[in-house]
Amino acid sequence: MEPSKRPRNVLMRNINSNVTVKLKNGTKFEGRMVQCDDYMNIIMEGAKEIFDDKQLASYGTIFIRGNNVIYISIEQ
Amino acid sequence: MEPSKRPRNVLMRNINSNVTVKLKNGTKFEGRMVQCDDYMNIIMEGAKEIFDDKQLASYGTIFIRGNNVIYISIEQ
Amino acid sequence: MEPSKRPRNVLMRNINSNVTVKLKNGTKFEGRMVQCDDYMNIIMEGAKEIFDDKQLASYGTIFIRGNNVIYISIEQ
Amino acid sequence: MEPSKRPRNVLMRNINSNVTVKLKNGTKFEGRMVQCDDYMNIIMEGAKEIFDDKQLASYGTIFIRGNNVIYISIEQ
Amino acid sequence: MEPSKRPRNVLMRNINSNVTVKLKNGTKFEGRMVQCDDYMNIIMEGAKEIFDDKQLASYGTIFIRGNNVIYISIEQ
Amino acid sequence: MEPSKRPRNVLMRNINSNVTVKLKNGTKFEGRMVQCDDYMNIIMEGAKEIFDDKQLASYGTIFIRGNNVIYISIEQ
Amino acid sequence: MEPSKRPRNVLMRNINSNVTVKLKNGTKFEGRMVQCDDYMNIIMEGAKEIFDDKQLASYGTIFIRGNNVIYISIEQ
């Protein structure tokens, strides 16, 4: 497998994209992913926290610890 | 055991197949697995999220963190 | 302890046997174990998924992530 | 501490003893421990699966993944 | 990726900022983050513990073990 | 910190003491700790298993897997 | 970051302070922290175990396994 094909490289190439991050506690964060690393630690800017389709809060800069992440979907 | 016989190599050989990924939170993702790695981090394209046989959402590109995966079944 | 005596070697010697794999979420998979590795990642073929003695589904080829496994019983 | 004094060595010296293995999901397995390793992966033969003092099933050869084990009591 | 771009470096540059730390048990801590490390172990000063928007307690100096952290939001 | 000051060394010096071991599933074991290691794997002899102040069982020799331990209190 | 600035060093400098240790199972221990290590294994002396503001028990010497710790607050 070429290095450029690894899932985490795909993630890195999407830095600065708008993403939805779903966490194990059931909340979602929607916003711009400005940083991430191999462990899925993510920094988002302008993120909205959503639970059961309701917005709970919004954040300027938020750091999400990677082990809480279920998935990251990348906005087209 | 020859390297080519390892479970993860079988998974790698099925990149670009249609798969169903079952997660620990009970949801399933059906779609094309375009990337995966040894940790079971997976990138899917055109994936549908399903819970209790109902489609919840669909995604263009989604990154699933490997530690959430229960199983991956490969469409024949 | 001689290497041939380790539990995982016993498992390896049973590749291609029919097995029942019980997972932490309470489901069982019955079928042929065609691959496994030290982490208990398993590939089964012709597996039936069973919960509370009812068959939920069947699979051609399924990859089970090892950390979900409680036990593997080997058919005599 | 001398190596022979470590808990896992005590376990190794009891290979082929009858044991009761209690798992995190509340079930117990009673039978002969024929193999074990440092991670507490165990192979039992002639094991009975017990829950709430009722026998659920019996197994010829069963492999138990170590991370599910709470305790192993050794029959005197 | 340049080292200065990693999520944890961003966190380090915010030492002495006011932050909100959300934990897996549902509580939040609001106060000044005076130390943190790569594992997300955090020392806060003057922190308030909050659950369901109610203040439960306040602390002079508190050490939070990193594996409990869901996210850290940085006050603008 | 001098090596003799580490928590695990204190534990090692209490081998053969009577202890109470509290596990994550809510049960306690009271008896003599005859072995332990850095991972908190413990061998007890003459242990009583207690839940909600009621004795459930007693054991000649029991091996407790360290990752289940919450605390070990040492009888004075 | 200078080594003396790390969270765990701050913890080490508070050995022999009175602390409150909150665990994942909801209990708290209040008493003197006489030892701790990098993994947050802690030895306390004269500790009271508290749940829902009620004292459940007290202990001469207690060893708490680090992975159960949510936070340690240091008495001023």
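Note that the chains take the letters A, B, C, D, E, F and G in the order they are written out, and that residue 1 is the start of every chain.
Keep in mind that, in the parts below, a contact is a pair of C-beta atoms (placed from the backbone, for glycine too) under 8 Å apart; a residue touches a chain by one contact, two chains touch by 3 or more.
Note that the structure is a prediction, hence the values are computed from the model and not measured.
Participant: Give the fewest steps needed to get from chain C to chain G, where each step moves from one chain to a chain it touches.
Facilitator: Minimum number of steps from chain C to chain G: 3.
Participant: For the identical-sequence pair chain C and chain D, what's the CA-based rotation angle in degrees, nearest 5?
Facilitator: Rotation angle between the two copies comes out at 50 degrees.
Participant: Using Cα averages as centroids, what's the distance between chain B and chain D in whole Å?
Facilitator: 33
Participant: How many Å are there between the centre of chain B and the centre of chain C, using C-alpha atoms for each centre?
Facilitator: 19
Participant: Can you list every residue of chain D that touches 2 or more other chains, as numbers and ranges?
Facilitator: 67, in rising order.
Participant: What order results when the ring of chains is traversed from chain B, passing next through chain C?
Facilitator: B, C, D, F, G, E, A
Participant: Can you tell me which positions in chain E touch chain G when the two form their complex?
Facilitator: Going by the criterion above, the answer is residues 12, 23, 25, 35-37, 41-43, 59-65, 67-68.
Participant: Using the touch definition up top, name the residues of chain E that touch chain A in the complex.
Facilitator: Listed in rising order, the residues of chain E that touch chain A are 1, 5-8, 10-11, 24, 40, 66-67, 69-76.
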